[in-house]
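Structures follow.
Each of the two complexes below includes subunit A, the first together with subunit B, the second together with subunit C.
This part shows the complex of A and B:
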């Protein structure tokens, strides 16, 4: 009897935690349809007017363009950098391996606010203006550890024998990688790209240090719009972000599974 | 494992260059700049003096913000642990077919923009927010309660941001427990609760401590929740850095505060690694 009641308490508790996590997000979505000038309860009807306003807002559209471009470039760059590093850590033995592996993961533990100041200071010392390139480089550093972890974990699971077979049949290391390892690694590569895209797309803490009026991302734009109160327009923009950031991994997850079906042999 | 003298280094070159140039060198710059002088005109003068650190320690204002940061981070850790352990345990023990969906659900806030999640609390806690609206409507109160711009609101934002990290860390370490140990404990006569206390709980501690460290580190370096949900009396050290660098462009002082924050975290992470090992943290992120 105790077991049942104890378990149902645990279930109830978990449910409450879910409500805590999701209530604010749901409120954003609901209030984005509130036609009232101030984005607050009670609801005074239902309207799409704030979404229409968003679409007509040049600054927001250009921020969206920036964010998408930045996220995509970050994803491509960081994956191109992380795959060889993961290969080195998983497939080779060399002095200082563990230290270097930890070093490449440290950006996770460095507060973004410090990273933001540090990189900006460096750029200033080089007498370079803040630019899109700065944002890209910063985002690459922020996302590198996550992508490295994902790719490394997958690489550990790919058996060496496939690569050895290819090598013994006369393929050189590059050919082996291209024909054997990379196809097997595809799900992790896609997951890593997606992960880095989302982190880049959402980042605000460090990005606020690096962004300029010309190079605004969507979160930076939202930060700028947010003074004292929260307008229904922000709720609408938030809803767009929520839908985008939730649907991307879900769609990609589906695609990855579809992709992986052909390629998994481990 | 292959042995090759140059190949691993060639493979590592891009990532090491990136981390070296974009992280290590800039961090050295922060340290160097923290000793520089700021001229009254606003220009930075190269120097070696402890003025910025003395200014930080001079009156109680700055140290009190540092102490508050530590306290709030500590509170966030405790609350995340209280709110996170039970759901993680639920995922671990649950036999429902929808387990993966439930896990995915708790991951979703991860994906949602931090700034949206932070400001979403205004819709809940604000004067015209959900809670006040319901309470007034029901008639429990006549005037809206002030729930925003205090430490409680900041904590709400922080917990919502960091709870998934805690749940995930605890869950990963629970999943790693050999279930036959539990069965052994049960067959030897332990009650469900005893088996939990003697077997599951101790074995989940690596995940718990990893989650705590991660939450502490991430809290102490964030400025958004205090800025959006807190008042002037809830500012944390990251807010100070943001204001000094973005607001008053006082680079040397901003750098000095960053060094203070970094030193605090290095001490904590070093101590943690010494006794518990840092690698557990990276496990959950895979």
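This part shows the complex of A and C:
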């Protein structure tokens, strides 16, 4: 008799979970190569026509440009904010330190819908129009907690003696930061930039509130296209997004490992 | 540099350091002479590191002043103090090569490029690591890393070399080797050194002067011989080496020695540099190494020798020496150590411990 053991059930269950999670994604990727307008299996042939259409679609290209620009600017801005903030929180003592730290981390816990509305209200109160700057500000707020956490964790791991040794040898605090702390912090800084780029690049909910017709991002654009029709173009666009969001961290991870060789801490 | 030889290299004047309520260093007055090797010795938490860090500028004194070459440096930031620091865990910059580590301090001293190279290589040669310049710290052993740290500190020709337990992360054999290396280097360069340790052997073997500390207070300051042979109080005598403490009352002077009636009824003759009066409560200090151990059949001692009959209750062999615990008739135990003889005594054997009056010292009983 064939016996079903507990383990084989667990294996089966795990498999089902993975299928449930990844099947839609795989379907999107496969259908993006489908020559027919209305996708159905089995596919009749194979074509790149939707990708071609994609590169010819001005609106999508401009959304792409927006997304890339926004993601990069977010990454740069947020690390520029996070590094000094992390230094202050980890290396110095000042009144209200814990409160401020918690405050900067709260965007993780607040639903994005609330954040989206809140920032809009804020802008209204300032009597400013929606703009790319608003979008950038919003994305910085959303991604700051992640970057701050990564950089802080690394900074805690960098022992103070390195900085003390540098200063005892004659480096002033700024030189010490530049020569010792920052280089030792680099992996965390790169990881943080990457995080923020991907989060910014992927974000839909909050961005829906902040984007204007001129500065739509790719996810918002997709969302808009879905309202009209389910064009196979979207499959192609989705595939491009998937490739981008997966390959960016992989490439960066490879680069970090390449640069950090021999630079272990402790 | 303009020398002012009448000033000590480092001077503490009434230095106090408090962390909130906790007093880490209490009213410290201390001079560190130019070129000398001074050790701060004491148990964990007695404030050694805090004192050292105040010289470095990593902590601010709560009260009092610190002078280097006669100049008050309380408000001089660390990077302007020209000190060489050696840390317990080496603290080599992990992302820089050995060369760049050693060259680090020269960068901020306007040294010409060609000279930097020569000086770094010279320093690496001095610590017997020539040709290691291109490696990263992680590729070196602990002992080698500490030698690089030493090179990095001395290459800048610091006024004072500060070392906080630099040997404690090394294993026993390496520690001995590094100790001699530091000692030789210090003598060769003549650099004023402030060394922190809780290991009395390190302190006794390397120092020109030892400062024994407890609970932030200086207990005694003096040459290794002074603090060892003429310990100022119970704590110092107990902390350094193995001491026996015998309580008693002074009977009277006997030549240049003092006779004491011990609590267990016996008598003891002790050399004394200070004058005692009959009835003074005292504590006689006898080092375990000063006893001679005789079998009870051997000839008893003369009048100025003190003898303590008893039975060996515990014995441990420690290589060159044997450690004996001898129980007297009143059950008090004396610790004696002696070189291994042809026949070590056995446990349970009756022996007589003999010690000359000049090896017994008296301290006031508090």
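Assume the second predicted complex is superposed on the first by the 247 of 266 C-alpha atoms of A that agree within 3 Å, B and C clash if a C-alpha of one lies under 4 Å from a C-alpha of the other, contacts with A are read in each partner's own complex, and residues count from 1 in each chain.
Convention: a contact is a pair of C-beta atoms (placed from the backbone, for glycine too) under 8 Å apart; a residue touches a chain by one contact, two chains touch by 3 or more.
Bear in mind that the values here come from a model prediction, so they are computed numbers and not experimental data.
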Overlay on subunit A: subunit C relative to subunit B, clash or fit: fit
A:170 touches, of subunit B and subunit C: first, second, both or neither? second
Subunit B versus subunit C as contact partner of A:222, first or second or both or neither: first
First, second, both or neither for A:13, with subunit B first and subunit C second: first
Subunit B, subunit C and vertex subunit A (Cα centres) - angle in steps of 10°: 100
Chain touching more of subunit A, residue-wise (subunit B, subunit C): B
Touching partner for A:157 - first (subunit B), second (subunit C), both, neither: neither
First, second, both or neither for A:35, with subunit B first and subunit C second: neither
Partner chain in contact with A:149 - subunit B first, subunit C second, else both or neither: first
Shortest CA-CA distance between subunit B and subunit C [superposed frame, angstrom]: 9
Residues on subunit A lying within both footprints (that of subunit B and that of subunit C): 173
Subunit A-facing residues of subunit B, complex: 1-5, 7-12, 14-16, 18-19, 22-23, 25-27, 29-30, 33, 83-84, 86-87, 89-90, 93, 105-106, 108-109, 111-117, 119-124, 126, 128-130, 133, 137, 159-160, 163-164, 192-193, 217-218, 220-224, 228, 238, 241-242, 245-246, 251, 254-255, 258, 261-262, 265, 269, 278, 281-282, 285-286
Contact set on subunit A toward subunit C in their complex: 159, 161-162, 164-173, 175-176, 179-180, 183-184, 262-266
Residue ranges of subunit C in contact with subunit A within the complex: 56, 58, 77-85, 87, 89, 91, 93-95, 104-105, 107-109, 136, 138-139, 152-153, 156, 162
Subunit B partner contacts - residues on subunit A that touch it in the complex: 2-3, 6-7, 10-11, 13-14, 17-18, 20-25, 27-28, 31, 38-42, 80-82, 84-85, 87-88, 91-94, 97, 100, 102-115, 117-122, 124-125, 137-138, 140-141, 144-146, 148-150, 152-153, 173, 198, 201-205, 208-209, 218-219, 222-223, 226, 229-230, 234-235, 238, 241-242, 245-246, 248-249
